[in-house]
Amino acid sequence: MISVTPPVPAAPKPLRALALRGVARRFERNWALRGVDLDVAPGEAVALAGPNGSGKTTLLRVAATLLRPTRGGGAVFGHDLVADAEAARARVGLLAHRTGLYEDLTPFQNLAFASRMLGLGLDRPRIDAMLERVALSDAAHRRVRGLSSGMRRRLALGRLLLAPPALLLLDEPFASFDAAGLELLESVARDVSAGGGSVLVATHDLERAARIVDRTVWLEEGRIAARPEAEGASPGVPRLVGR
Amino acid sequence: MRAPPSGVVGPLASAPRAERRVGESTRVLALAWKDVLVEARTRANFGAVVAFAALMLVLFGFALGPDQEALTQAAAGVLWITVIFSSVLAFGRAYQFELEDGALDVLLLYPGDRRSLFLGKFLGALAFVLAVEAAVVPMAGVLYRLPILGALGRLVPILALGTVGVVALGTFYAGMASRVRAREVLLPLLLFPMLAPLVIAAVKGTHVALVGDPVAAQVNWLGLLAGFDAIFLAAAYLLFGAVLED
Amino acid sequence: MTDREGIAVRREAIVPEWVERSRGSLLGPGPALALFGVAAALFFAGAQWYGLTTLPARDMGDLQKILYVHVPSAWIAFLSFFAVLVAGVWYLSTRSESADRLGASAAEVGTLLNGLVLAQGMIWAKPTWGVWWTWDARLTSTLVLFLVFASYLTLRALVDDRERRARWSAIVGILGALGVPVVYMSVRWWRTLHQVQSTPSTMDPSFALGLRLNAFALLFVGAYLVLLRRRVARVEAAVEAIEDERALNAEATRVR
C-alpha cells in the first residue's frame, strides 16, 4: 500500500532549491533510481556525473516533475514534487537531450508558441530579443528542419530562457552545443546562480562542467556513490561504495 | 572553480517562472493553433487522409451497389464509418508530433493546467477532421446521390455534434494508445465500442436529414448526440490529467 | 508519512501480512473464501434445481427457463462494471493498488458473465426464431459492453508498467462504465422503431421467484469469482514486491 501525505509544516529550515529523499523509480521491472538523497542549495550549481544508464536523466526528470518517484519524495523550493507539483513545475526548467522542437515551424513560431504556453502572450519584442541573444535572428523565419543541431540547441535554450527558471536542469548539455552555444550556456548558468537560483547538470564532460559548478555528485546504478575526490577531478579509477 | 555560492535566496529564486498574464483559454487556443499550423505546413497529410476517405467511399460503393437506391439508403452509414476511420488516422498523428523528439515533455513542463492540453489537442484535431469532412461530404453527395445542399441546415448540426464526439474520445484515447506498443490496433479497440451510441445517433440523424424516414424522425437524435458529447467531453477533460502523468 | 524536514515520502508495504499468516495452511489464506465458494456453488445449484423442476407457466416452454439465468447474469455483469467504476474512482483518488486489483478482477468477471449472457441469448434465439442473432436491444447492448470491457482487458495486457497500467485501467474503466447507460438508451431507441423479434418481457409473476433466486445465486458466484481473482492478483503483487525489493537492494559491486 502506498500512502502519500502532504508535508507537515516543519520548523523553519534553510529553503533548498532541490531536496530529494530516498527517491527510487522503477520502470516495469528494473530500478533506475534506488534511493537517492540530494540537496541543492539556492545559488549552488551541482554537476551530476555517472556512466550511461546510471539514472542521471531519470533523476532530472523526477526533479522536473515529469516522473513521479516510486518511493521517496522531494521538493523544489519547498514545493512537494507530488502534492504541489504545479508550483514545483513553475520553478523548474529542463533542457533535455531531445529538443522537442516543431520541425516544420520556424524558430520564431516555436518561440511564439512557447511564449503563449508560458502565459506571456505573443510578445514580439521579447521573442526577437531572445532570438538575438541565441544568435538565431538570421534564421528566425526558416523552418527548424533546415537548421543545424547546434542551432536547434540554442533555440531550445532560448525557449527555456523566455521565462528563466529558478532551478535549471541540464541534461548532457555539452554534448551537442556548438562553441557559441556553450558560451551562452555558461553565461546562463552563471546568471541563474547569481540570481539565487540553482543549476543541476547531468554530464560526462567534467572539465566543461567544472567551469560552472561548485561540486560534483556521482551517480552509479541509481545510487549516489561516495567518491574520495569530489571536486571536478579528472576521471580516476575510484572504488565504488554502495549506499 | 567559481566563487562559492552565497546561499542567499535571491529574487529569481523561488519565484514562479512567469507571472501569469493570460488564462488557460489562451494556452488551449495556442496549442490548437500550433497543431493547425503544423498540419498546414505538412500539407501532404491532409491530402492523404482525404484520399483515404475517398477510397473508402468508392470501395463501399462497390461493396453495396450498384443499385443506386441501395446506395442512397446506406449512404449515411457509409459516410460516418468513413469519417470515423479517417479520423483515426488523424488522432495518431496528433500525438506523433509530440512524441517525436520529446515535444510532449516540453508541453508537460509548461506551467498551468495539464487538462488544457487535452482541449488544445481536441480543438486542433477537430479543425482537421472538419476540414476533411468539408471535402468528403460533397464527394459522398455525388457518389451516393444525396441532396446535400438542400439538407444543409439539418445536416450541419448533426455533422458538427457527431464529429465533436468522435474527436473528443479519439483524442483522449490516442493520448494513451500512442504511447504503447501495438498502438495502431489499440486505438480502434478502445475507441470503437465507445462510439456505438454515437454511430447510432449520427447515422440515423443524418439519414433522416438526407433521405427521410418518418419513423426514425420521431427520435431526437440531435439531443442524444448533444448528451453524448456533453458527458464524454466533460469526462475526458477531467480524466486527461491522469493520462499524462507518469 | 513525512520525514523530519516535512517532505512527503511514499512507502510501500512489502509482503502483506495476510500472506505471512497463511503460510502452511492447507486451504490457503483464509479458508473463509473457500467455504464461501462452496456455499455459492450449492446455492446456485439449488436455484437451477428449483427452476428446472417447477412447472412451466402457460406460455413458457422449458426453453424459456434459460431466461432465469440469462437475465440475472446481465444484471450481475452490470453490477461488476459498476464495481469497476467505483474501483477506478477509488484508485484515482488514493492510488491504492488494492483498488486496481479489485477493478481488474471485477472487469474480468463481468466480461466473463457478459460472454455467458451472449451465449445464452444465442442458445435461446436459435430454437425460438431459427436465427443465432437478433439485433435485440438487450443483446446488442450487452455485445457492445462486452467489447468495451474486452478492450479494457487488452489495454491491461499491453501496458507493462504497473502504475501506468493501474492509472489507465481506472480511466478506461470509468469511461466504459459511464458508457453503459448511454449504450442501453441509444440501442433501445434504435430498436423501438422496428418491432421485430426480441426476448420476451419477464413481467410474469411466476417468473419472479426464479429470477430473484438466480439473481442472488449469481451475485454470490460472481462475488466469489471476483474475490478469488483478486486473491490471485494479491499473490502476484506480493511476489513482485519481493522481487522488487531484491532488485532494489542489489549491491553495486562494479569496480572501474
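In this document, chain identifiers A, B and C correspond to the written order of the chains, with residue numbering beginning at 1 in each.
Basically, a contact is a pair of C-beta atoms (placed from the backbone, for glycine too) under 8 Å apart; a residue touches a chain by one contact, two chains touch by 3 or more.
The shown structure was predicted, so the numbers you read here are calculated from the model rather than taken from an experiment.
**Student:** Select the chain whose centre, defined as the mean of its C-alpha atoms, is least distant from the mean of all protein C-alpha atoms.
**Tutor:** The most central chain here turns out to be B.
**Student:** Work out the mean Cα position per chain and let me know which chain is farthest from chain A.
**Tutor:** Relative to chain A, the chain whose C-alpha centre sits farthest away is C.
**Student:** Which pairing of chains accounts for the highest number of C-beta contacts?
**Tutor:** A-B
**Student:** How many angstrom lie between the centres of chain B and chain C, each centre taken as the mean Cα position?
**Tutor:** Centres of chain B and chain C (C-alpha means) sit 31 Å apart.
**Student:** Could you grab the centroid distance between chain A and chain C? Build each centroid from C-alpha atoms only and quote it in angstrom.
**Tutor:** Distance between chain centres, rounded to whole Å: 45 Å.
**Student:** CA centre of chain A versus CA centre of chain B: separation in Å?
**Tutor:** 34
**Student:** Please set out, as single numbers or ranges, the residues of chain C touching at least two other chains.
**Tutor:** Answer for chain C, listing residues that touch two or more other chains: 163.
**Student:** Which residue numbers or ranges of chain B touch two or more of the other chains?
**Tutor:** 245-246
**Student:** Could you list the positions in chain A whose residues touch two or more of the other chains?
**Tutor:** Within chain A, residues 68 contact more than one other chain.
**Student:** Show which residues of chain C lie in contact with chain A when the two form their complex.
**Tutor:** 1-13, 95-98, 160-163, 243-244, 247-249, 251-256
**Student:** Give every residue of chain A touching chain C within the complex, in rising order.
**Tutor:** 1-10, 13, 19, 21-22, 24, 26-31, 34-35, 51, 68-75, 80, 82-83, 220-221, 223, 225, 237-240, 242
**Student:** Report the residues of chain B in contact with chain A in the complex, numbered from low to high.
**Tutor:** 1-2, 4-22, 26-27, 30-31, 34, 37-38, 41-42, 97, 100-113, 245-246
**Student:** Quick check on the complex: what are the chain C residues that touch chain B?
**Tutor:** Its residues touching chain B are 92, 144-145, 147-148, 151, 154-155, 158-159, 163-164, 167-168, 170-172, 174-176, 178-179, 182-183, 185-187, 189-190, 192-193.
**Student:** State the interface residues of chain A toward chain B in the complex, per the touch definition above.
**Tutor:** My answer: residues 14-15, 17, 41-45, 61, 64-68, 77-78, 86-87, 89-94, 96-105, 109, 113-114, 116-121, 143, 159, 162-166, 190, 192-198, 210-214, 231-232.
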